[in-house]
Amino acid sequence: MVEKEMIKGWDKNEMAQKAALDIPNGAYVNLGIGMPELVAGFVPEGREVIYHTENGLLGMGPSPEPGKEDPELINAGKKNVTAIKGACYFHHADSFTMIRGQHLDICVLGALQVSGQGDLANWSTGAKDAIPAVGGAMDLVAGVKTIYVITKHITKNGDPKIVEKCTYPLTGKKVVDRIYTNYAIIDVTEKGLFVKEMAPGVDFDFLQKHTGAKLNRY
Amino acid sequence: MINKIIKTPAEAVAEVFDGAVIMISGFGEAGSPIELIHALIDQGAKDLTIVSNNTGSGHVGLASLIEHRRVKKMICSFPRTANSTVFPELYTKGEIELELVPQGTLAERIRAGGAGIPAFYTPTSVDTPLAEGKESRIFNNKEYVMEYGIKADFSFVKCQAADRYGNLIYNKTARNFGPVMCTAATTTIVQARKVVELGEIDPECVVTPGIFVQKVVEVSNPADESKLVAENRRYPW
Amino acid sequence: MVEKEMIKGWDKNEMAQKAALDIPNGAYVNLGIGMPELVAGFVPEGREVIYHTENGLLGMGPSPEPGKEDPELINAGKKNVTAIKGACYFHHADSFTMIRGQHLDICVLGALQVSGQGDLANWSTGAKDAIPAVGGAMDLVAGVKTIYVITKHITKNGDPKIVEKCTYPLTGKKVVDRIYTNYAIIDVTEKGLFVKEMAPGVDFDFLQKHTGAKLNRY
Amino acid sequence: MINKIIKTPAEAVAEVFDGAVIMISGFGEAGSPIELIHALIDQGAKDLTIVSNNTGSGHVGLASLIEHRRVKKMICSFPRTANSTVFPELYTKGEIELELVPQGTLAERIRAGGAGIPAFYTPTSVDTPLAEGKESRIFNNKEYVMEYGIKADFSFVKCQAADRYGNLIYNKTARNFGPVMCTAATTTIVQARKVVELGEIDPECVVTPGIFVQKVVEVSNPADESKLVAENRRYPW
């Protein structure tokens, strides 16, 4: 199977593009730190999507031009951003009213593990010497209407990130709706995981072999 | 493109259904979306539960909606004011329900509903008849009453200016319940004195972010309720 | 005693003035509807007091000149008011954060009855045919640091309004700090009611006779 | 006359006492009142409990306060960031306590503290290790965790402009925790880029009403924390 292990599937940009295609016009979207941030670059022309960052901005725009950074205009990852026309600023309690109150449509997050039931672990490996840090992850999965996960299908060690049961501490239980990996797009439903699309070169058996939970075909 | 602007009050309220819970902004006439309420009277939805601080004055606006027997229940803090006769008459006859809520508890219950908080504790109303039948609990040697968040199917809100994203600013004390009500409804319908271009509202001064608003209709010359009441006008005209 | 019953004591303005003298510079104050509103007119020169109205204004000013009324600038009694320089507007949840969160220094309220322990009844006579209406009264007594009551000492029927135990439904229990009546200023303390000052022509025995709870001398 | 303007950061923080609970605004460096924190380091108060979203970067601001061993306990949502080494080292050695709180729960607990709400229920953290040992309860078939309001002895907040009443406006995403922290402390101390005359801030645009602020000090050119960190500066200089 060594040669099969070498399958790369989609690259990061392709994964982000797949997720972006599923964001409809008019959606209010929160993108997690890291790979999820790429999604904003691939939303099809003609769709107007409004990005929320939990540190108090609705209508986040792209990175500023060099030299135009404002240290008081940043995103949740503490990177410099811009604000679009029609944006607004607000404080943290109002920002999490948007999140907890189920006003945001979609949140795209990274993952350490996702279970077959949609449980998500993405904030801690539970290692004893680690400094625990949670940020807004638990609020987002508890409050946003639809949770997309974007992640490599397997870890650097070749272990599946989609598992029967998360071994890392949970961020939330039964919260993930869809998973975008380099191998496939997988829906989390009441009846289990369903494969929506596979990357070029990936077949169902290969995908199941590298997935820790049972997969179903639509 | 995102465009929440609707052409007429009638279109804006068209989807209201019988039995709906509707929050209506305003403190007395200040901030009361009278044109939306009149459009709702024309539209005909009934068996409504209305969440609003008062019950309207004279025979226009909220008072007229109640007079048309469309309201099953009022949730409010102060159901009688100088010129309110419609609600008191129906209430005395036992023909409308009332849930009386202290004003700050009403505001906080609406905010909680909008913020995904199902319940909270408050010192307000402890040891009074309004706490009867409610759970209470001691924190730090002081007693508090548990109150529930309120959500609505619709909020009807009046504001000063809005853009196509639904960002809102208000006028003076007409702000009152509008911002919290916008957060607590499945569908928030706003009447704005003025619809402005994106960016015309300073992003530092937006009071209601557009995410909380679904529909905006421009009503550039809203009726002055107290004048209508003084003239003893009745809706429909 | 008929002649004694005719004692008028202080008039409304004198009562308001007595209360006003007890409002220090820099205080944040909420004035109830009716007689309490008079207090603002008697705050001594040189003291800067900021008035809060629970419908969303901090920095309420006096009534507008005729013809300058704005139906969207009103107080809790729904009367036209103005805003001072340095005022600000906010929504109802923020307004009651100020109240419930114990940020206001003083609230002056009217009363139907006050008990010897400082219980207040001022929102309902409990009459079966009455339309109950509470407004912000319960929030104010539960949250504002100091509660002053300003009221006639006796009812139109000659009954005391200061009573051993309120017979009307309570607004709050043990909430009143001081009572300003036409006959006297009375402090509510842990040890009972103490007479701070009496109006001209009023003596202690007369005052006690018209008061339903035991009075003490300082 | 009301005048909340204080001349220097040192005077503004003079009354902080050992064992105080202090809320410090900021999300990373945006909104962090670095000059107030440095004045507190000079002032010397210790055994502090700090409520702040992060734990500071490099060896300036909050990180320096921690490095000076003034902080007994941190209540925060994200105690490590790109350039934070001070907190992680002390935490690993067991020399500082940490109460980890989800970011939205942290914001809401502070708001509740300021609003006189002793406790509330939230869906955040249910079924996770952060809900362990906490009361939970079912409302409408969904589980929620009970969380307590937080109050502080002091809040240190950075803003854009302030007037002598303590009315505040903020700058962009530096607003973050400032407005809720102002409401939740016995004494709120603010550093403002600019002190302005009464009336210069539009009454419709005030973000923090002056009632929530006790002291204001003008710091017209606040330090740029990320530059100090890049230059590996340490406070005191």
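Order of writing sets the labels: A, B, C and D. Residues in every chain begin at 1.
Heads up, the rule we're going with is that contacts are C-beta pairs under 8 Å (C-beta built on N, C-alpha and C of every residue); 3 or more make two chains touch, one makes a residue touch a chain.
Just so it is clear, the model here is predicted, and its values are computed rather than measured.
Student: Among the other chains, which touch chain B and chain C together?
Tutor: D
Student: Which chain pair shares more contacting C-beta pairs: C-D, or A-D?
Tutor: A-D
Student: Measuring centre to centre with C-alpha atoms, which chain is farthest from chain A?
Tutor: Result for max centroid distance from chain A is chain C.
Student: Could you tell me the distance, in whole angstrom, between the mean C-alpha positions of chain A and chain B?
Tutor: So the centroids are 37 Å from each other.
Student: Quick check: how many Å separate the C-alpha centres of chain A and chain D?
Tutor: Roughly 29 Å separates the two chain centres.
Student: Which chain D residues reach two or more other chains?
Tutor: Only 108, 111, 115-117, 122-123, 170-172, 204, 207 qualify.
Student: Chain C: which residues touch two or more other chains?
Tutor: Each of 83, 89-90, 93, 96, 99-100, 142-143 in chain C touches at least two other chains.
Student: So, with touch as defined above, which chain pairs make the list?
Tutor: Contacting pairs: A-B, A-D, B-C, B-D, C-D.
Student: Quick check: in the complex, which residue numbers of chain B touch chain D?
Tutor: Contacts found on chain B: 108, 112, 115-123, 139-140, 142, 144, 148, 169-172, 202, 204-205, 207.
Student: For chain C, which residues are in contact with chain B within the complex?
Tutor: Against chain B, the touching part of chain C is residues 53-57, 70-75, 78, 83, 89-93, 95-96, 99-100, 124, 129, 131-139, 142-143, 169-173.
Student: For chain D, which residues are in contact with chain A within the complex?
Tutor: Chain D reaches chain A through residues 27-31, 77-82, 87-88, 91-92, 98, 100-108, 110-111, 122-130, 170-180, 207, 224-226.
Student: Residue numbers of chain C touching chain D in their complex, please.
Tutor: Listed in rising order, the residues of chain C that touch chain D are 25-26, 28, 46, 48, 50, 52, 58-59, 83, 85-90, 93-94, 96-104, 142-143.
Student: Which residues of chain D touch chain C in the complex?
Tutor: Against chain C, the touching part of chain D is residues 1-2, 111, 113-117, 163-165, 167, 183, 198-199, 201, 203-204, 206, 209-212.
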